[in-house]
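In the two assemblies presented below, subunit A is common to both, partnered first by subunit B and then by subunit C.
Right after this comes the complex of A and B.
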């Protein structure tokens, strides 16, 4: 279709993703692009340097790996003249014949297997490095893709907001208040707090809202059935009449326009699920909450939005999001035995040709864990659920006819993200074992250390989090980025332990219960003195 | 220096060297400066009237009494606020009095506030906002920072608005205007040929070639009697949950009715007079021939081409360009909707109810639809 009339091009300000906040002009803001490019070059050099160091070292060790060769090397060093072949031959003659030719076939195969296992670990670590950089550079230098954010006027469809709640007396009032204040057309909005056998005042608080807003708040009380969020959602879903169901955890406080923003992508008939951005509210509590704030920023502002930009696989996160009911029901509804029902739903929808959309502007506050124990429980729970989804859907994704090659690759990498921690630990152990077997290749170990440092412990994560903080317009908090290493180490062991627990045989089958993050105060800082919420886990 | 001290010094220096890069982190941890949570947009800042409402509140608080005082209104009143902001208050229907320097440079660096209607001079740049309790009548080739009128606003030929314009009744932008930022009217918004725009909103947005009423046919049409089934099309790979999943490209024949949502992996063309009871998403270009009716939304991964006389009830989105032919109507009076794309080219004669949003550039211009009118008329598969 051609445009006949030409006219002067309108000069517009560039479409900016950054929020309209006042930003002080700093050296960093002026030179961030150059700094980012310099950082990438620097990191590339570090990796190349590691490879360069590894090559001669590997060669040398290979040559020296035989006992006789090792002895020659040591003796040569003692004698102080490496080329003195005669003296070396004389010294080596003293070795027992058995020592000279000792390479049993079993040991050879053991070393070969271990070496290839190490190669495999390094390969996967490198793949994740590349993934991290692709995402971060995409976010820094490409315009964000947000095709649905402009839909502010429409004939809004009926929507049901589900709020699974189990002992949430402290926070349930806040979210209900926020939702009834939403600018979504009242006649099209139904709020369904799902009270799942709460033993505290949750039920009373919900009933108070029901009495005040009988046309909007229609609670669903569960007295029996399977426990857990997925089971509660599945039960409540049967009574949902609207085709679009949004889900919020009880400790979230949505803004007035959030429901519209999350519903807008469903005008696209291909969209099966929508995910908004989660923003920690209790950042002022301690170092942990500040680190989690940075981590969340990296995860959403960079990872999720980059996937959206590149049309990969943004993940539905179980809260601050929604699903198209007929799409979800066509793939089996909420899976009650899934510990991460969100990841599970994402992949089932993907396999059926429904897309998940990430909306970076659809932000909502949450309370992040402010002590290490709930944080560790949270990360373990995520790891187990994610690994469960990986076991269920990795093969199906590979053979899927509804997904393209890039979606398959990204989907698999996303499924494997929690497998990287134990894999990295295995890699480190392999390096140590090979070293003591005398067949080690220190070059390989250097590569492993550098790549793991770049991928999970330091550079890539630093880069990603720093990029997210920059995109958010944050300033001083970016200085905390080195402490992310601390979180990495904790996650590494927590995730590895959780994964190991999944692999090892259990004494009794795991029972699914409510898994939630412990909290003792709400967004307004109201504390609960007789805290009766707790993380339950059996098995 | 004893050996013990030397060792201690070595350790201290090593430790210092190791900790040095962490100093900024430790400082921020122990003496936090940036701990507040990221600001989340909790109110509807995306509301197109947000800036206008903010300015209205400012006018009410700072000038409410002055504007309401009609006992003996002077022809023009000049003064400045305590913060140094200069302003001029104009009587109903008067021309504001500007200084000789202002008239010579054609640049007005004062708030202009009208107790009723305001008439503004041609070829003038207004660096501050304009407010009128009645209407604003602008003349040609003027540049406005922002304009708010309780009644209507008329922008003369080749004028420019830089940030926003809002009227509680009607806005008319004459030929060749450049409307940067937001333009919204609570009643009618008329944008003439040759205008450029970014974001428009009104219950009724008319794109016109010449002054006069729009001749769009808004009457409801009868649905086609031939119903297309999924098995009539070669590329449909799945029919589930009210949705047809189509691989590769799709041509929908003319004058058929499709009672499903469509998701097309490639380009899609819909033939003349066809009607879609659901929504459609095409990963490539989406082309609607003359007279196509879509009850739901139309979403294109690339470009969306809408020929003449089409009806789209839901949002029309494209990640690249949208071309809208004359006589096309998007949304209805009762059910306004959104049109959004990077580049929008809208022909005079088109009508939109709701919001039109061009991320990069929008333009009212003649759009050639003949190349697409007959391209999707193939027989049933």
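Right after this comes the complex of A and C.
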């Protein structure tokens, strides 16, 4: 494994484009505005050209007459009585239902069932469209609710920072360096990198920090036990003495003040978990990283903050956040059989009456996948984990006495978010069958219109992402919004496949796979040329 | 000396002190290195929408009124375009305008497109297989493209199966299909001001930008849609109805909607009313950050 090390200290990245920052000049950044202007000019030329070339076709027509007199007009109501050209007969068949042959009873019922199934899918799609739309409106126009972000001076409680790390030699040094530089009182801070059976240089890197900062860095080495982040966290949690445990993924780089920001909400005794905002750092790598940046912006800047504003169910995301140990342990700790231990914890805390807080101001910089393979693994893992949580907690949430009606609704919609992909595919299948059956009524055309844009993503989603980038001040990036359709397409199939894999019987049903997100380089640009994939088997 | 662009809402948040002269007010937001202390994006909000709602409603209504007033001419222009290209490509047929109740009409391009013969069917099957197999040869970094190709292959495979089993039961003809899609196109253009009213007019862009974007989108679609479905008619005329499903499901409305989304994204990327060009020295810390270590 060839690793090039750089001794330079990482400089914490500024917050995207809300502040001026060093940027790599690309063809896109230099020419996007010119290209857009050229497009407008092209529009004008296309119009002029179309008019110009169409004009000769009007030869022989009295130009002074009303333009609609150029072509023969046929009333739709008369089409059934026309006895003219074959093509018009065809139109009669399509446009005048009375002329069609009587529908057999079996076909009638088939069509009726399929239509109502399609209407059901469309109903759910519309529910999510409305949800996206109102979240975005709320985020755009309501002052963000961030009640704890101003707490700067306090008697700070002891805190333990957990960093699960399985073969993270490229990035573990950066997060440890950032954390020991934190402005949290040194006597109250304990950093616990969890060396989870790493086979690379992760252990050595951690030991180097332990030797340099013995009072703060106290690693936890795992040699055996179940694999996966949840199992590692659960094992390490037993050694945590502080009541507040923050959890960071190893590829994240927190700023100096982040620990204080994430601890501050725990002064509120009702708070069980805290989540900060995830900001991709490697956005300029390629199209995928740019799309993931937009997706994250929509998810955090709009979705999570709107939930926080509306006192709904902000999600503890497990990568930039923390939990109150007492609260988590009272609901069973980290579930080792959960692929999305963060979502699982969110719902168990919610059902027990604990609040989860989202802090939009508390940003942490992550390295998003820059190739599709780890992205696919990541989204599949999220889908499976999320669906697990849906199966476990949906009914309990409905009957819970500790949550109000809005929390129930939002919680259920959040749980069902990954079920929408297979549902959309089913909707498409129904639409296709109905289309081949010839049920192209005007109503169905509208349905297909709705379905087609829902499959491309939907306008509410594009609105949400565009609004998030607009609030971030990332104007140029907004132009990439149409490309999100490509990401949706991949997500649609990846999530559907993962969901179907959960529903359909498997050869080894007890086996769950934890796909660790592979990293090719760290924040300082040190590359790894090892392309091995790491799959840990759970159970 | 490089210049930096800043957004006014970050520069002068709502807590501006009116008692201070402008020069001193500005100093409140100057950092130690000469840069601006900007409001964090986590706190950013749009100006309240209330004053915009009324103008947006009037804009939507005005645009809709204008569109419906011009619809007769648009329909005739579409008929002209269809008839012109029909003649250019030598398609046997004609163009009429079908009038519907409530004064709505749409052009009808009468062209024939037959059922696929055995060789056309085999050619279609070969293309489908080639697309599907070829999608696995696409490099992994272009995964979405590979997925898109597989989706196209899937739709075409469905058509291949249908025409192999029930060729005479196919419920659509080329003329009726093109006519239906033109109607859907009219519906889409009619919905454009409403849609943009919901997702674009609420942003703090000037009225001229809102109007401009909407007109550009409607104008583009007004030209694009008849040409698009003329191309569909041409393909169907020469290649039979076997390819109608793929045209409908992939290159029909989804394409039109993608065009709309692209324009929308472009419009949101424009500078809003709050944005002003602020020219000043680039803060030294950012210059240093850019220099190589």
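One rule holds in what follows: the second predicted complex is superposed on the first by the 395 of 539 C-alpha atoms of A that agree within 3 Å, B and C clash if a C-alpha of one lies under 4 Å from a C-alpha of the other, contacts with A are read in each partner's own complex, and residues count from 1 in each chain.
The rule is simple: a residue touches a chain if its C-beta (ideal position, glycine included) is under 8 Å from a C-beta of that chain, and two chains touch if they have at least 3 such contacts.
Note that the coordinates shown come from a computational prediction; the quantities given were computed from them, not determined experimentally.
Look at A:293: by the touch rule set out above, it reaches subunit B but stays clear of subunit C. In the overlay built on the shared chain, the residue A:472 is in contact with subunit B and with subunit C. Of the two partner chains, both subunit B and subunit C are touched by A:482. When the two complexes are overlaid on their common chain A, residue A:147 makes contact with subunit B while staying clear of subunit C. After overlaying the two complexes on the shared chain, residue contacts for A:120 are found with neither subunit B nor subunit C. Contacts of A:432 after superposition on the shared chain: subunit C is touched, whereas subunit B is not.
Between subunit B and subunit C, more residues of subunit A are touched by C. Of the two partner chains placed by superposition, only subunit C is touched by A:371; subunit B is not.
Looking at the shared chain after the overlay, A:361 reaches both subunit B and subunit C.
Residues 8, 15, 19-21, 149, 361, 363, 472, 475-476, 479-482 of subunit A lie at the contact with subunit B in one complex and at the contact with subunit C in the other. Residues 8, 11, 14-16, 18-22, 36, 39-40, 43, 46-47, 50-51, 53-54, 56-58, 67-68, 70-77, 79, 85-88, 90-91, 93-95, 133, 137, 140-144, 146, 149, 277, 286, 301, 305, 360-361, 363, 371-373, 376, 432, 435-438, 440, 442, 445-446, 448-449, 452-453, 455-456, 459-460, 462-463, 466-467, 469-473, 475-476, 478-482, 485-487, 489-490, 493 of subunit A touch subunit C in their complex. Listing the residues of subunit A that touch subunit B in their complex gives 1-5, 7-10, 12, 15, 19-21, 145, 147-155, 183, 255-257, 267-270, 279-284, 287, 290, 293, 297, 326-327, 329-330, 352-353, 361, 363-365, 401-402, 472, 474-477, 479-483.
Contact residues of subunit C toward subunit A in the complex are 4, 6-7, 10, 35, 38, 40-46, 48-49, 72-73, 75-77, 79-81, 83-84, 87, 93-101, 105, 107-108, 110-112, 140-141, 143-145, 147-148, 151, 155, 158, 162, 170-173, 175-176, 179-180, 183-184, 187-188, 195, 198-199, 202-203, 216, 219-220, 223, 227, 245, 248-249, 252-254, 257-258, 261-262, 264-266, 268-272, 282-283, 286, 289-290, 293.
Within the complex formed with subunit A, the subunit B residues making contact are 21-22, 24-25, 27-29, 32-48, 176, 178, 180, 193-194, 196, 198, 201, 237-238, 240-243, 245, 261-263, 278-281, 287, 296-297, 299, 303, 305, 313-315, 317, 319, 323, 331, 335-338, 340, 345, 354-355, 357, 359-361, 363, 365-369, 371-372.
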